[in-house]
Amino acid sequence: MTLEEIAARLGGRVVGDAATRIRQVGSLESAAAGEITFLSSPKHRSKLAATAASAVIVSEEAESLTSLPRIVCQSPYLYFARVSQLFNPLIAQEAGVHPTAVISSKAKVAKSASIGPGCVVGDDVTIGEGSCLYPRVVVYAGCSLGARVVLHSGVVIGADGFGIAQDEAGRWVKIPQIGAVRIGDDVEIGANTTIDRGALDDTLIEEGVKLDNQIQIGHNCRVGAHTAMAGCVAVAGSADIGRHCTIGAASVILGHLRLADHVHVSAGTVISRSIHKPGTYTGMFPFDDNASWAKNTALVRHLAELAARVRALEEEIKNG
Amino acid sequence: MTLEEIAARLGGRVVGDAATRIRQVGSLESAAAGEITFLSSPKHRSKLAATAASAVIVSEEAESLTSLPRIVCQSPYLYFARVSQLFNPLIAQEAGVHPTAVISSKAKVAKSASIGPGCVVGDDVTIGEGSCLYPRVVVYAGCSLGARVVLHSGVVIGADGFGIAQDEAGRWVKIPQIGAVRIGDDVEIGANTTIDRGALDDTLIEEGVKLDNQIQIGHNCRVGAHTAMAGCVAVAGSADIGRHCTIGAASVILGHLRLADHVHVSAGTVISRSIHKPGTYTGMFPFDDNASWAKNTALVRHLAELAARVRALEEEIKNG
Amino acid sequence: MTLEEIAARLGGRVVGDAATRIRQVGSLESAAAGEITFLSSPKHRSKLAATAASAVIVSEEAESLTSLPRIVCQSPYLYFARVSQLFNPLIAQEAGVHPTAVISSKAKVAKSASIGPGCVVGDDVTIGEGSCLYPRVVVYAGCSLGARVVLHSGVVIGADGFGIAQDEAGRWVKIPQIGAVRIGDDVEIGANTTIDRGALDDTLIEEGVKLDNQIQIGHNCRVGAHTAMAGCVAVAGSADIGRHCTIGAASVILGHLRLADHVHVSAGTVISRSIHKPGTYTGMFPFDDNASWAKNTALVRHLAELAARVRALEEEIKNG
């Protein structure tokens, strides 16, 4: 495919030899001849100078940073995603059910869906058009997946939520989890992620949500449309997360709280109360060399004392 | 079932029409006619006013908050758990071994146990009466499960503990993990949780323990009876956790330490030394909007300096 | 095997009856007659006094702490690992492919490798000599494993990395993940750990790396040779981790940063920027009883104010 043909499909303006032939995408560092790469930020300009790629996707501002044939566009990273999809079609498994998968006779699986080896699909499950379950996915009874949903290996949808009540003797009495999980269209879920069924009502993952690996979504949560979460996020029960949010790796969202649309949570942050305003929120404890950390962190446990001492000094000075 | 029949089985006092017929449980928000709901806290009283449920479970204090037919009892949440069990019996899979499960001929599986599709049960494993392994559970050789143990999909019991010693060249030499995992009666373990076998002695999960999803229990740990852990908790090797503890989501318990009975750890907390007194312990770093966080967190790394400056001021004022 | 025979194979100096017969290893607390145990630190000397073991492995310094037959050596823990390997050979599964495993006809699996029940191995995968996949491991297409690689149950190698770009409407466009995962010789990976394939280039796990359970390694990471990570570590995309590092349980390594060789990260630490110097780094928030925590932690969010007040006091005193 030539640069001209790519731009005809995806837009953008070709600068340099529009007949340059491209057969694959590559990174700045390792792209070879015949490959197109991209510059996401001017800070990588030294890598750009050294690249062996045949062409580059750049923004207006970066247009002059290279003399290679290039496509100029607004969002090089997005453009690159689309070019890569041209060369690397996303369907990874054939449609149909692998013979080692165990599908309930009461499940409804679209003919165009692909169910990998070792998958288990329970009673009354619905799986929509073009959805893909990689090997060893489990969908418990009663859950539903929309169209074009991708579940990576080891995903478990619809296991029981963690609902227990303590009796007089301190033993736990299980609360039957009679809700299900409903997953919208175009959702992708990473390896070994788990989403629990609702206690009474359903757990909801709205359309376009993208979840990375090893995420845990508790019962009765709602994850709003087009929200993305990086790996190892833990979301406790009944959290209601808005649309177009991003949640950084290994963050924790406590239960029974609400995040507005367009809330961005940094990695390693514990969200312990509702957030009503869009914006970026962070709660990472700063790391340090071990000796400095030990010295400073001990004082965290005595901050109230330190504040009291400062107050006393203020009083003393005021009073003369 | 009428309210009268429910109270005859489970106790409590009926107020209003005792002949009210109930066929299912529901949440305050979405219960329909024929359903019973519960009020766990007076702060939900506005939802109570709007509920379409036919009856409510309430505490003595909340008895007058509704005119709906109701059951008055000490612990509405616990009562609700028991009512829900009446309407939703917990056995989710038939007894017997699914034909796609791979069970060692040297394993002893109770006839009343249920082993789901794709499970793998190793040599010399014991699985007690009425236990239920959901699809795709693995139990490594030599481990034992008591009666009525429930393991959700993706659980791995008895993989090798992380025991390695460094040689002179900095390479890791594996320490064979020759202990096993012993799980008591009435334990339930959530999806994709892993419990490692002991290095020498066994890893112990005592009766009535409830573990949520994606928890990791290291080798040689003991989790005391009736302790409950929320999702994504990490427990390092040889931790000894008491009875009737609760551990919040995504907390970390470091290795070789001891938690007394009735210790409660909040979510997102790293427990780095033993706790000998019952109580609630917390170590969550407070989140904030990103700009405030950046400003304050930088100072955490200079707390020792700040404390020194306060001390200097105190000296200066004292001296003069 | 006698102590003399053990020392002939593994080195060390026998003190006491060299003909003492040993048939297994055990812990200080629970070793029985016929077992050999070890003393890793003098702080366990009281347990040593009470042990029922027939022999002990000790360091030069601890030689005189017991009158039991003993082997004196430089590193008792390492020595113990080797003794345990003598009595407990590490091969846990027979060579060959279990009939329930699903192996692509295009995969190359060494004859001496062992592939457990329910494993799924994709197209063009290479698995080296003596490698062992425990039950229910998935290796996606195109990934390669060296010799003597051990993957525990539930491991997923080569699922798609989390590469998404946002379009003008805030929807996510997937970036095809066309790299693979390459794993070196003598790597061991714990249960339910996931390692994502590269976006463009490969994700690299170098020889001798040891990963515990439930670790997540993002796309395009490199984990340097002989690095070890404890359970539940999250490593975001494109992190480049050096050789001979150790990463404590539940730590988080953010993306696109670099850790030098011989960096040691404590448990529960978020690494948010590159580390260029070997050493130990920590960022654990200190836990406390809940009331003390609440009091002190509120002040963390007002540290900048506190620092400003201290500065004001300093000014005031200087000027007056």
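Letters A, B and C mark the chains in the order given here, with residues in each chain numbered from 1 onward.
Everything that follows uses one rule, which is that contacts are C-beta pairs under 8 Å (C-beta built on N, C-alpha and C of every residue); 3 or more make two chains touch, one makes a residue touch a chain.
Bear in mind that the values here come from a model prediction, so they are computed numbers and not experimental data.
Novice: According to the touch definition, list the chains common to the neighbour sets of chain A and chain B.
Specialist: Chains that touch both chain A and chain B, as defined above, are C.
Novice: Same or different: at the chain A/chain C interface, is the fraction of residue numbers used by both copies above or below half?
Specialist: Looking at both copies, the contact residues mostly diverge.
Novice: On a C-alpha centroid basis, what's the spacing between chain A and chain C, in Å?
Specialist: One centre to the other, that is 25 Å.
Novice: Do you know which chain A residues sit against two or more other chains?
Specialist: Correct list: 100, 118, 136, 154, 192, 214, 232, 284-286, 288, 297, 300, 303, 306, 310, 313, 317.
Novice: With touch defined as at the start, can you tell me which chain B residues reach chain A in the complex?
Specialist: 24-27, 29-31, 75, 77-78, 80-82, 84-85, 87-88, 90, 92, 98, 100, 116-118, 134-136, 152-154, 186, 188, 190-192, 208, 210, 212-214, 226, 228, 230-232, 244, 249-250, 267-268, 284-290, 293-294, 297-298, 300-304, 306-307, 310, 313-314, 317
Novice: Within the complex, which stretch of chain B touches chain C?
Specialist: Spelled out, the residues of chain B in touch with chain C are 100, 102, 118, 120, 136, 138, 140-141, 154, 156, 159-160, 162-167, 170-176, 178, 192, 194, 196, 199-201, 214, 216, 218, 232, 234, 236, 252, 254-255, 265-266, 269-272, 279-286, 288, 292, 295-296, 299-300, 303, 306, 309-310, 313, 316-317.
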